[in-house]
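Let me begin by handing over the structure; questions about it come next.
Here the chain labels run A, B, C, D and E in written order, and each chain numbers its own residues starting at 1.
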Amino acid sequence: MTAAAQDHLVEAAFESVEDVRSAVEAALDSGVAASQIEVRSPAPLEEGELPLAKPKSRVLLFALSGAVLGGLTAFGLAAGTALAYPLPTGGMSIVAGPPVGVVTYEGTALGLIIMTVLRVLWEGGLLPGRAIRSGRGRPSDFDRHVAEGRLVLRIHGLTESGAEELRELCRPRTVALG
Amino acid sequence: MSSGNGKRGEPRVTIGRRDFFKVYAAAGVAVLQGCRRRDQELIESPARRSTALPGASVWRRSICEQCGAGCEIEVRTVDRLAKKIEGLPSGFVNRGGVCALGHSALQELYHPDRVTEPMRRGSSGELEPVSWEEALETAATAIAAAPDATTIVAGAPSGPLLGLWRRFAATVGTPPPVHWQPADALVEREAARLAFGESTRPAYDLARSDYVVSVGAPLLDRWRSPVHFGAAWAELTADRRGKLVQVEARHSLTAANADGWLPVRPGSEGFFARGLAGLLLGSGTVGQEGRSAYEALYPEAPPDLAATVERCGIDADRIERLAAELASARRPLVMVGGSALEGENGVAAGAAALALNLLLGAVGRVGGVFAGVDFGFEERLAGDATAALPPAALADRLAGDGDSGVLVVSEADPLHGVPGLEAGFERAGTVIACSAFFDDTTLRADVVLPVQTDLERFQAVEPDPVRGVPALLIASPTVAPRGEARHPGDVALALAAAAGRALPWPGFQEAVESALSDAFTATRAAGDDASDPAALPASLIAGALNARQFVRRTTDAGGLLGTEELRRAPTRLPRDGGNDMPSVLPDPAARAAPVGPAGVESFTLIPFESLKLGDGRGANRPWLQELPDPLSTVMWGTWAEVATEDADRLGIQTGDIVRLTGTVAEIELPAMVLPTVRPGSVGVPVGGGHADYGRYARGRGVNVNALLDTDRRVAGAGAFARGDLRVRVERLRRPRRSERPVIYGRGLRQAEEIPVGWAPHVGGKA
Amino acid sequence: MRLGTTLRLFVAAVALLAGACGPTQNLPTPEQPIAYDHQVHIEAGLECVRCHRGAEEGVHAGMPSVQACAGCHRREIPDHPEVQKVMLANENREPILWAKVNVIPDSAMVHFNHRAHARAGVECLTCHGDVASMTVAEPVRNVADMGWCVECHRENEASDDCLACHR
Amino acid sequence: MTDRPQASARALDGELLGRLDRRRPGLLVGSLASGVLVLVFFYCWGYQIANGIGVTGINRPVFWGFYIINFVFWIGISHAGTLISAILRVTKAEWRRPVTRSAEAITLFALAIGGLFPLIHLGRVAIFYYMIPYPNSRMLWPNFRSPLVWDIAAITTYIIGSALYLFLPLIPDAAVMRDRAAAGLKKRFYAVLALGWRGTAQQWHSLEWGIRILAVAIIPVAVSVHTIVSWDFAMTQTPGWKSTIFGPYFVVGAIFSGIAVLMIAMALLRRGLALERFLTDRVFNNLGLLFVTMSLVWGYFTFAEHLTVWYSGDLFEKLVHHVLLHGDFAVPFWTMVVVNLVIPVAVLSFPRGRRPLPTALVGCGVLVGMWLERFLIVVPALSTPRLAYSIGDYMPSWVELGIMIGAVGVFACLYFTFTQLLPIVSVWEMREGWRHAVSGGESGQPSEAAPTSAAASPAAGGGAA
Amino acid sequence: MTRWGMAIDLDRCTGCEACVVACAAENNIQTVGEEQAREGRAMHWLRIERYYEGEFPDVRTRFMPVLCQQCGAAPCEPVCPVYATYHNPEGLNAMVYGRCIGTRFCANNCPYTVRVFNWFDAEFPAPLDSQLNPDVSVRPGGVMEKCTFCVQRIQAGKDEAAQEDREVADGDVKTACQQSCPTKAIAFGDLDDPDSEVSRWAESPRAFSLLGDLDTRPGVVYLSGTEWREPAE
């Protein structure tokens, strides 16, 4: 039962970032942890617009490793395979430098692009199976507000009373509450 | 995991690298192609045993009968099918070479539209297949009913087969056969008779000459033997030793290769020869013997230089240079042939040109001109039958025989060669064609008797005496005949038998063997007496015990080959009874230049035989149709060669459809504007415009022979005159897409502008 | 689903596909017009090259002529119903069309030369299997598998130039 | 923090969503009409596969014809998008916001069609996979020395990159569509595309990183693609082709034709979807400036290319040059110069010329001109071989024309369908722009991304620019 | 090592085109028909180019047989994406039909324009197909082809020599064009063998390479006593 008591959720939609900010500040003041707060926005928010920690991203790292991986694969294809199974070419070079360079170049770019996208999807919980595990990305009726251009504040893991208290805090500026 | 690798004895525990890839690959291919059913392929157990291994090449000797040159060939056969023709390196005439037409005999043999069964025109008017017996019966009945009104047209070159047809005519009681042969061959013989006293096509020792003037002789084109003359020309000009100068109105392939080309006005070749003689006589370098021999034949003074320039349309200095070079040459030689002989005045022109050899002392000399000798197997088979008639006799026969006439046409297509004869054929009662194809004549036939082509038949050929050395070439069939086709000689014999006048031999081969046997007997009997015309040179029968052995040995050896010692100068027989040699030859310079109709600009038509289609025989072979003409580069059609100058004036561009209007007909064909054409002339190749002749020839191009007037003859030769024909040229229109000439080499540029890089050979090492 | 499981399933699927259409298996044994028994003939003392005359000397091994078959069978079991078919074909001078067992399709544009392989000491059974112990000749491996050809050529230092076979 | 921009942004937001929601029967008709052309395309291709590549008009020596011309043309068109949108993103040009989606879609579709042409061109398309490096039982690999294999590498990279570059920014908009759609098939479709996008801070953060990296990465890829396409020609020894200038020349030409098609597409969108308030005159003005710049750069390259050939006096090169400037190809050549250089400079140099209709019309001309440019690269060089005996000519067959026109239909069909299904103007990027305008407070910015009502009237917008 | 090469004496060539037909007969080259030929799709592996020199009446015609030059540094080879054309150890520009996917890149890159393409499947209406050379594949539509130096004859020559346990001698292998040439204007053999006929011809002061400036190092050597491109006056 106690676990269930800790499971209440407050959702509120706001028209402007300022409204969200004041709601978030109020929630933090009331002792809600930053990790309990989730803001869904129709467009990216600037850094520091909300008093919440900046999310971390390793997309760049993965992009670069993807580039290395892709480059090596392409090099292997262009040079390695031909060397592994040489065809008779009557003394003509079977692997020439510039072509290998071209293919490696494209492979590098391809690896980089694919790894970037995969990492973006991974971090955003957008890969199949990821969303459920991350817990944050559940669908909500309030998503409609995001679609219409409003911001949605979601505070998780509240007791019933805590939730009611937060609803009161949000109510003045909110467009919808739940 | 792979199996079947036990031979290396490795334990196959892991998946090998290649196997792994293979699994991958198989999956990929499977996805892309789906699981394909393996189409079942068949392999044959042949019905009969063969000595050759399956799939092995067997080379069989044969003789090319595409023209009369008599090239010896080797035919590559695999599993009893002919695959390739190559020149026999030891070939009597060709020394390993073959020409384009010769190669294409394979496509004649395996032509999809060949006639392979006898046919007879049924009640519906269509040709229907019948048995040989029925076909022969029908044909023989018609012949037997009116032997006098029967005309035989034999297309075979001179030799045993023609002799057999003559014998046939004599036995069955018809008039002698009309020998359907090129006009210039006939005229050449007559000219040789006048100039040299022997009615054979002269032999020219081109290779050992050092200066050759060819008056119209298209020796490198389709003429007597392009292979022999090509090789001889190469020898003549090797290391710039000798020179060839071509005196011809058209820029033929020979003119293109000649060191000098004198584009004389068409029809003025004889005049030119006389004019040249005048310069030579005046030069003082001519020997007395030659001078008197020549002046005996031409007592009139030759035309002077100005007249020659005027009549022939050649600059004076070029003629003078030619005369000077000819006079200073060690072994000069003058040849004549082709378009020079095809005008009404051809015989006189030919004789005038040949007579130059007398003047230059070239007759019977190394590098000169020799008699065209043979072993006389035509006569041996003909027995005492009358000589064959010239082609023009056919027109007279057709005019005379009326409705009841019977025509037997063997391996000839007179209706293609002279379409003007069509009305005569229409009137004829029965037309019997011995042919392998539905050519223009066979289309009109009431009875069609399918004949074998070169490679299917027993061959006995007396080659064109280009070398001046006699020969009889014999070869056995190379492949089994297609369908029910028979040897034309066998057909003649069967026809005679069916008409109740059987000849003494069951087949052509036996006829030839019997002639050989008789020749052996006659030679034995003659002993050392070389004058007996029935005897062969004694050396040829040396070592043979009896006639039977001689025949066997000869057929096994591939015939009788003469040697260089048998080469001789023509012998001018004394003028007495039986020899109608005129003492003075007709002077071509005495005749006025032909004029066209007044008021309209007219061109001289120059019909010529291209290397590919010849007289039209090659038109049914896709290889030849798709062979670009070496000069105009046109494929698959007929074209009219128009001079740049004339084209500019008439507003003609290459490809434009032009109309050529002659006295009896008109033709429409695309023009090729070429910088090599003599203004005022228009050249058109013969050989196109077949009504049928198989899918590759049907309706392809136009037949320039349609313009021939059958009343125009070469005086004194019995040939239809093809040269000196005046036509009107009109531009009709830009061609429709389907009318455009098929031009292979579209770049018509000057060699100097051509970016053919000249660079030292870099050794070609990789 | 665990990654390992996925991989295993994938490999299994690939193997299945490869098995269905792969180069080494499932080669159909074609139906022949006459139930010729290789084993019986070999046991009777015939050599391969007696009938397939070109196998060692020629480009193609080839098939014996109907005349040749009939020549022997005039004495040997002429009344056997299958032999009767041969005798009939011989009388009618007709060829017999067999189904090819080891096929390199025309589309491969390969010109296989038996005698070159015989010269190099390649055994018949390397490609054809032990036909002597077969009743009906059946393919033992896909002779049109180029990788197999190339592997053997390389191992035996034969030419691995494409033009050695393709032309 | 004034209320006005805030309220104005809300209003614009609503208006944009309204525009996207509205049913456009015209689009449906367009899809269907172009669908007919799609059928033409596949019929012609099928006919060619069934009968052989000989149904085309190509011959010896003109072995390459319309298919390769169209290949280069469409690959050029594809530079509309990814490259332009990437450059604008990297340079943070605010006016890019309404343009990028459309540009990226054009890229993907043009690329898909362009990539098909080499396959259509093949003599034996059934075994096209011999060009792909995969382990096989033949133990053979493709020849990596061939520029065609580089093409495959480059185009594969570019098409995957472009697809992802279109897709990544589309995810939030797919979520918008999903959340606004009523439950049903439509919602499920958008849900699949949105992948569970909720707009959380982490998602936005990762997405921004991703887009930033892709934008940077796609630029060298796009440059390399058209460079490599140019190397299909420049790496040969054919006179008229072997030119060091071809790489940059092709890239410039590609961007040029890309902008042309973008201008046309945007003008059509603006009218068709009544997006005047979003695709403002300012956008057209800016693109128009870029357009005329590219025209001049293209003209410079063309001049440089032909001047060097003329001056070199190389015999073979001069033959090709001659047929181009004075010979059989003079008419298309000078037409190309007029529509690619003279007209764009004459029209786009003036502010009045940089309005939607004139820019679109100029764009149409440039498309023709750039197609002609590819034609003039491929055909004259081939029809003028070194050994002049083999001089040839070329006339396309109905199959080639059918496939060429059909390809336009395939493109239109894809584009119309895309426009019908998904926001052709990036909603979240517009919102981001408005937010910037609100928070930035600069006078210039709001009027650009969020025009006042006056800006909706073309005359006023043009005057302001 | 063998380096197959050919020498053509232009001074002996009359342009009679016997070689062209010999080549078609040997190599199963399809005839494409009038319509296709009009489109410029005739398939000759060997052609006799004709050029003019001068103006009438001093006009001269010159012939040059042009076939695949079997270049030592062939422009056609590197551009093929699938190795359908490659350099063979014996110096041939090999063409593997089965591998060809028909990009026609090689043909574009051939400075001699000697490659021809099968625009459609070949048609040999029976019984014309009886003539087909069993040693040469009939190429399907969509495939490039060109002169092979009669590689089937080269292989047969090697097979024959090996069967007789000897080396291939000069003259063992004759190409079809060489064989039929009436004037014997063509020599064929091993350029690496200094005593071979072709090597001796190639040493001639008259020898040159076609478009030699390109440094394609052709295996075909031309001999001519007259220069082709005369210096501008």
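By definition in this document, a contact is a pair of C-beta atoms (placed from the backbone, for glycine too) under 8 Å apart; a residue touches a chain by one contact, two chains touch by 3 or more.
All values reported here derive from a predicted model rather than from experimental measurement.
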(request) Using the contact definition stated above, find the chains touching both chain A and chain D. (result) C, E
(message) Which two chains have the greatest number of C-beta pairs in contact?
(response) B-E
(request) Please find which chain has its CA centre nearest to the centre of all protein CA atoms in view. (result) E
(request) Would you identify the chain whose Cα-based centre sits farthest away from the centre of chain D? (result) B
(request) Determine, using the mean of C-alpha atoms as each chain's centre, which chain is farthest from chain E. (result) A
(message) Need the CA-centroid distance for the pair chain A / chain E, whole Å please.
(response) 64
(request) With chain centres taken as the means of their Cα atoms, state the distance from chain A to chain B in Å. (result) 88
(request) With chain centres taken as the means of their Cα atoms, state the distance from chain B to chain E in Å. (result) 29
(request) Send over the residues of chain B in touch with two or more other chains. (result) 18, 22, 24, 26, 29, 55, 745-746, 749, 754-756, 766
(message) Residues of chain C that contact two or more other chains, please.
(response) 23, 106, 147, 151, 161-162
(request) Could you tell me which residues belong to chain A and also touch two or more other chains? (result) 87-88, 90-91, 96
(request) Return all touching chain pairs. (result) A-C, A-D, A-E, B-C, B-D, B-E, C-D, C-E, D-E
(request) Write out the stretch or stretches of chain A touching chain D in their complex. (result) 15-18, 38-46, 50, 52, 54-55, 57, 59-60, 63, 74, 77-79, 81-82, 85, 87, 93, 95-96, 99-100, 102-103, 105-107, 109-110, 112-114, 116-117, 119-121, 123-127, 131, 136-140, 143-144, 146-149, 152
(request) Name, in rising order, each residue of chain E that touches chain A in their complex. (result) 77-78, 83, 86-92
(request) Under the touch definition given earlier, write down the residues of chain A that touch chain E in their complex. (result) 87-92, 96
(request) Would you tell me which residues of chain C are touching chain E in their complex? (result) 106-111, 113, 115-116, 119, 161-164, 166-167
(request) State the interface residues of chain E toward chain C in the complex, per the touch definition above. (result) 86, 88-90, 92, 94, 96-99, 135-140, 148, 151-152, 155, 159, 162-163
